[in-house]
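Labels run A, B, C and D following the written order; every chain starts at residue 1.
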Amino acid sequence: MSRVAWVLLAVVVCIGLVAPFGDWERAMTVIPTEAGLGPSPGHPLGTDHLGRDVLARLQLATSAFAGPGLLACAVALVLAVPTAAVSAYRGGVLGSATRFAFTSLAAIPRFVLVLLVLSIYGDSPTTLALAVGASYVPLLGEAVYERIERLRGEEYVLASQAHGLAGGRILWVHLVWFACGRLIGRHLLALFGFYLVLETTLSYIGGFGVQEPHPSWGNMLVFEWGRRSLVDPGLLAPGIALWATLALTDWASESLGEVEHG
Amino acid sequence: MLRTLLGRAVLTVSSLVAAATAVQLLLWAAPGDPIDLLPNGAELRPQLEAEWGLDQPVWMRVVTNLGRAATGELGTSLSYRPGTPVTEVLAQPALNSFALLIASLVLALAWSAGLAAFTRGRRQHTSRLVRTLSVAPVFLLAHLCIHGLNEVTWSLMEAGTIARPAWFALPGEASAMRTALAVVLLAVGSGALADMHREAEQALISIRRSGFVDAARARGEPTFLLVARHLTLPLASLAAARTGFLLGGLVVVEKVLLINGAGAILWQAALLRDVPVALGITLMAATTVCAARLAADALRVGIDPRLRSQA
Amino acid sequence: MRLLAVLLLVGCGSAPEATGPTLPESWLEAVIREPARFEQLLVQTPREGWVALHAHDATTAYDAFDGPNPAVRRARARAAWELGRVHEVLGSLHVEVERAYHTESAKRPGGADAEAPAHLAAANACEDLAGADALGERLSAHRAARESADPTALLEQASRPVQRSSEPAAHTWFDPCLHTSLAHVWDQRALVDLDATRWSEASAWADGELESTLFAAWLDRTDLRRTLDAERSPGSFAAMSPATRALGLPDRVPGDPDAARAEVRALDEALDTWRERLAIEAPAEGATLQGELGLFARFRQEWLLARATWALEEGEALEALALLEAARDVTARDVGPANSPRLFALLAAARFGAGREREALDALHPLSEPFPEILGLRERLGDLTVLRGLTRTGDSKEN
Amino acid sequence: MRRHLMPWMLGGALLLAGATTAEPLRYAEDRAPPIVNPLFTTTMSEARLAELVFEGLFTDDAKLSSTPRLATGLDLAEDRMSAVVRLKPGVTWQDGESFTAEDVAFTVAAMKEESTASTERGRVQFIQEVEVIDDLTVKLTFEREEYAPEDKLHFKVLPAHRFEGTAVKRSDAFRTQPIGTGPYRVKRFNDDNSITLAKFDQYHDSTRIDEITMREVADKNYQSKLLLYESLEALVRVLPRDLATLQADRKVELYPYQTNSWWYVGFQNNRAPFDDERVREALTLLVDIDALLAPIGTGEVVSGPFVTSSPYYNHEVKRPKPDARKAAELLTAAGFAKSGDYWSRDGKPLTLKLTAQENLETAQDVVIALQSQLQSQGIKVEPTFLGTAEWKAKVWRERDFDAVLSQWSFDRSEDVTEQFHSEGKFNFGHYANAEVDALLDQAKDTSDPQAKKALLREVHAKVADDHPMIFLWTLDSYSAISRRVRKVVIHPFYFFTWSREWELK
């Protein structure tokens, strides 16, 4: 089940990454004569009230979260994992200082922090990606720190130190890659899901995030609401696509699941 | 016992101060002059320069602001409610948001504990169903609920089966129905219920497998009360951890359901770049999270005899 | 006159049944229950005439209904009657505008407008053209048109002002009696087809079958005959007809717009129940005819126009305005099957009566395409609007 | 125990305001008026709200001629250069103070005050001096002979005692606690941008509806749904798209409310490249206006600054037809060349930064359609949507834009001087044409209606020829009011002038 989820998720992300370079004339051109059409072979999901093809816009909307979402994951990975790993492995003052930093930053709810950053630094996809990535650092850092600190005292770590293996190799290969690999993977998937939720929320409520005429699943939902009957697929398509993609991230993370021991 | 509690309190307060400093630095580190950010910046420049003390070095500004915040003086709103002090702007809305938060926290805990007891690590399908339902973002659930509810109620009213409910379609004042909807959505949406259910389930499993429960079962005593008492501890720390997430969801729920809360005001303030109000709300959110952590620690020390003996 | 009207009312107070009115004689039931009669009518009389009349294009309808056969002549009288009504309303409006213009300009700087002869603003100056010598050579055109019932000469001169003096500014003055004469011409043409000289003698009109009643405000022939005998003004035919009383409408409260709106709602309810009953009982083809031609909507509008004319004749502008705004199909912008030209003419007259000259201009705008001769009235009404606005400071806002 | 606790907590703690006793009249606007201060009224929603809270010396009666309101009468001097106005005794402001001649003098001074920069200054230009004779009498001296000064004394009177001086600032505290003499006082500014107005008990006249609530509902089709749900009693502007459903509905009555308004895309005429008339004309020729109008409804395309039914509309000036070839010629003449798929000049593509009002749904549709059209013609369009406060700052005061999409509404005199005179206060695009200035001045002074019509038709022709704006259309505009509201008569511009007579069953 989760393998299928991974494949589908990869497809969505690929469309999102490739989309900005494609020619999305059908998604952006306003053709009043074709306004508000129902599903038809030419327009599988019909057209919105300005005559733009809904399916094309649905695909183009993936570029609103695919690229920036991965950027946010990269930022979180780069900022959180090394600091947490090194400070957990060293321990001592550095360890408790990093731990204190993580707990204090975690005191500010992520959504509030992102909104604050947007209001100060302006509202562009890169700023949003950086803000979301940075706001996730405490959560990821805390998880990695806790696990490595617990494993530091394990026999096999002490044994490899005794064998004279280089400290760095032990830390990065054994501890971070083998022990925390799945944990970090799960967190990054959750972060990608969080970025998707945040981006669609911002563009749904308006004022921030992707604005019309550029499509996002959030603003597409608002744009057509009230103009068509509830049963029309073109109306709920953005909502269903959003829900399905989030479900995919959740099922995919099942394959990275671990049995919590003890 | 008192000493560990005091230690924890100092740690939490200092992390709150650190968080507040980080947020202030965020503002002063912004490129250019923060006053240019404001739409009516030019008009307010003299008043702001004095109030924010732009001439002083950054750390001095941070210290003075923290001093003022400690005494509860958060400056005046610039563009959201120009001229009114932030504390006055946030008084009533903060109360509404707080009540909403507590209600949804309690509801989420109740449901996740109930579900955990029901699934107990076995019923995989139910947990996957809960996860799939809960993964939907709060705004999408709110959107579907409002419009679905309106359409269904309207068709029922037109068919004459029900009278016109008071809360129906944009009532005059906030209605119990809309608040109830907000609480439910906050407790369920954006993965809240799924995460809490998983953690509650793991806590329940570990307690049931632990030694003293087996011993009690051997003695034939009812284990339910024992398990319940020991479950409160992980649930408390779970609640403290989830407060941060729920506060984030609160902003969305209040904005979409038009509830007069601090979250909705944060959105407006961010849009209007009303920095003092936005900082004020961020500070309040951070304080709530730290207070929740402190409460969870106090509860842990209070209940768990082992911790008490170590002190 | 008033006594006769009351008599009419008392005479037919039949209580309407619960399932809505049953008027088997009415043209609505005739067309919907027996579509064959409608088809037969289209065979007997020229089809294009009825298509044009349905589309409120009375001039084309008048030319299409050509032939000696009495049924065709009765149909042609219908077209002439429609045009007569439009011009009758526009004619009286133009005279009122002229009079208001003179009284207002007298109060303004520079005194009354010297160009336009004041006596032409008298109430009935254009009716009998007695004192209309100021019209100069136009007067002979008027007299010739009224005798020969041929409007072409008048229509050609319609867009040229009677007088244009160069200094100080190009002062133009249009012939205020144009529409009144056109109304006379078309009424005369209609009466000629009905072998009568006055409307009260035109009871032959009621002898006709469907051609006298189709798309009209009166529901059946007896309705038409009673209205003709009641010597009411031609514009308000059927306003008080017994058949429509059978629809169970509340009595008229003179001058009360809310009562008028309640009357319209009662009419809507009665027509809805009637249409739903007919939709069940009538053959499918009849129902499709009603759907395509919008027969009930047509009757509703025609009756409301007659009812509004009656209110206007009694000087109740706000009451007429309420009826006309309810009569208008707001989704159709121009003159066509959905909106009669009479509606826009009456709307302009009612708004002018309520002191709203600028909004009266809005109402006349859709008529400028089908009735280009309305240019004179629109210019004069524009003059009056500007005159009344001279002493005001303009106010403009966004959105 | 926990389950039982929940409903009580929800019901008790969170139910905020108590149930209101009287049934309010609830009407919806697209945008809530940010400022309730007649000195700075710029939008129709503000003018409508001011009509409920404030009053002028005179007002319009049902036949739209002037009738006394705060005044009881006016004696015009022999030489028509001055007039003595007697005020109505026993009138109190909504804060209990009594209304005196001092307030009239203050209002005129505040409007004329340079630093206040009031948008209403044009309406008191004709008064040279105001002299307070006693508490209830004031003498006005005019700049020129006046024939019916009461027609010009409809501006709203403000309470002198609520202001420090005649130089009033926009952010003056009055904006959040407005005090008038009108039938309703502002009871509460709610946080969902709705405003509750309660009946003013000591009002010097009668009014029948106890409470009026103004709600901001930006989403147009939700507005008409709310009316059908009976959550609203009145909609000020109905979209043409909803006319069919509302007309068929038995609970709602439609009233025409045209306000002589027309939509436009206004260029900033003193900012390159839009200072070059050829560029402006080229852009006008690249736009298919009918295709822009189709998605938002039915209306009529205009070729100049008047609606087609106006006495000043010049029917000889034909509306521009899309002509890509001529546009290309004009652009090349202006030094642009089409490289790749965009027109550009010395390396920079021709970009139109189009500013429009935020969450005004119809405006958003027009901006998207316009961007799509121009994009396919090789012009880059960057839309920005501004909130009300930002719009006022950016467009009205700083005039910092390439092009704006907006709509002007006019009362019966359709006076376009403020928009097209080089010194006009609302001339955001810095349009300046000496001939047009002369024509407008002559039209203001003339007393011959036919001369005024000819002059303003000439203005229409000249402005259309200069292309300071793309004139779009005038929409069919109706307001929909529930049938529970009785005795409804709407003022063609200010809407609420006779709301005193309305009744709510």
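Please note the rule applied: contacts are C-beta pairs under 8 Å (C-beta built on N, C-alpha and C of every residue); 3 or more make two chains touch, one makes a residue touch a chain.
Predicted model, so just to flag it, every value in this text is computed and none were measured.
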Chain D reached from chain A - shortest hop count over touching chains: 1
Topological distance between chain A and chain B, in contact steps: 1
Selected interface, B-D versus C-D, where C-beta contact pairs are more numerous: C-D
Whole-Å separation of chain centres (CA-atom averages), chain B against chain C: 69
Centre-of-Cα separation between chain D and chain C, whole angstrom: 36
Where chain B and chain D are represented by their mean Cα positions, the distance between them in whole Å: 42
For chain A, residues contacting two or more additional chains: 207, 225-226
For chain D, residues contacting two or more additional chains: 225
Junction residues of chain B - those touching two or more other chains: 271
Contact pairs between chains, per stated definition: A-B, A-D, B-D, C-D
Residue ranges of chain C touching chain D (in the complex, touch as defined): 107-110, 168-172, 257-258, 261, 265, 268, 318, 325-326, 329-331, 333, 354-356, 358-359, 361-362, 364-365, 379, 381-399
Contacting residues of chain D [partner chain C, same complex]: 30-31, 41-47, 62-65, 122-123, 125-126, 145-149, 151-152, 243-244, 247, 250, 253-256, 258, 260-261, 298, 300, 308-311, 357, 360, 406-419, 426, 447-454, 476, 478, 483, 486-487, 489, 492-493
Chain B partner contacts - residues on chain D that touch it in the complex: 2-3, 5-6, 9-11, 13-17, 20, 24, 26, 171, 173, 190-192, 213, 215, 217, 225-226, 229-232, 387, 389-390, 393
Touching residues on chain B, where the partner in the complex is chain D: 39-40, 43, 79, 82-83, 93, 96, 99-100, 103, 106-107, 110, 150, 154, 164, 168-176, 179-180, 183, 258, 260, 264-265, 271-272
Residues on chain B engaged by chain A in the complex (per definition of touch): 11, 14-16, 18-19, 22-23, 26-27, 30, 34, 37, 128, 131-132, 135-140, 143-144, 147-148, 151, 190-191, 194, 202, 206, 244-245, 247-249, 251-252, 255-256, 266-267, 269-271, 273, 275, 278-279, 281-282, 285-286, 289-290, 293
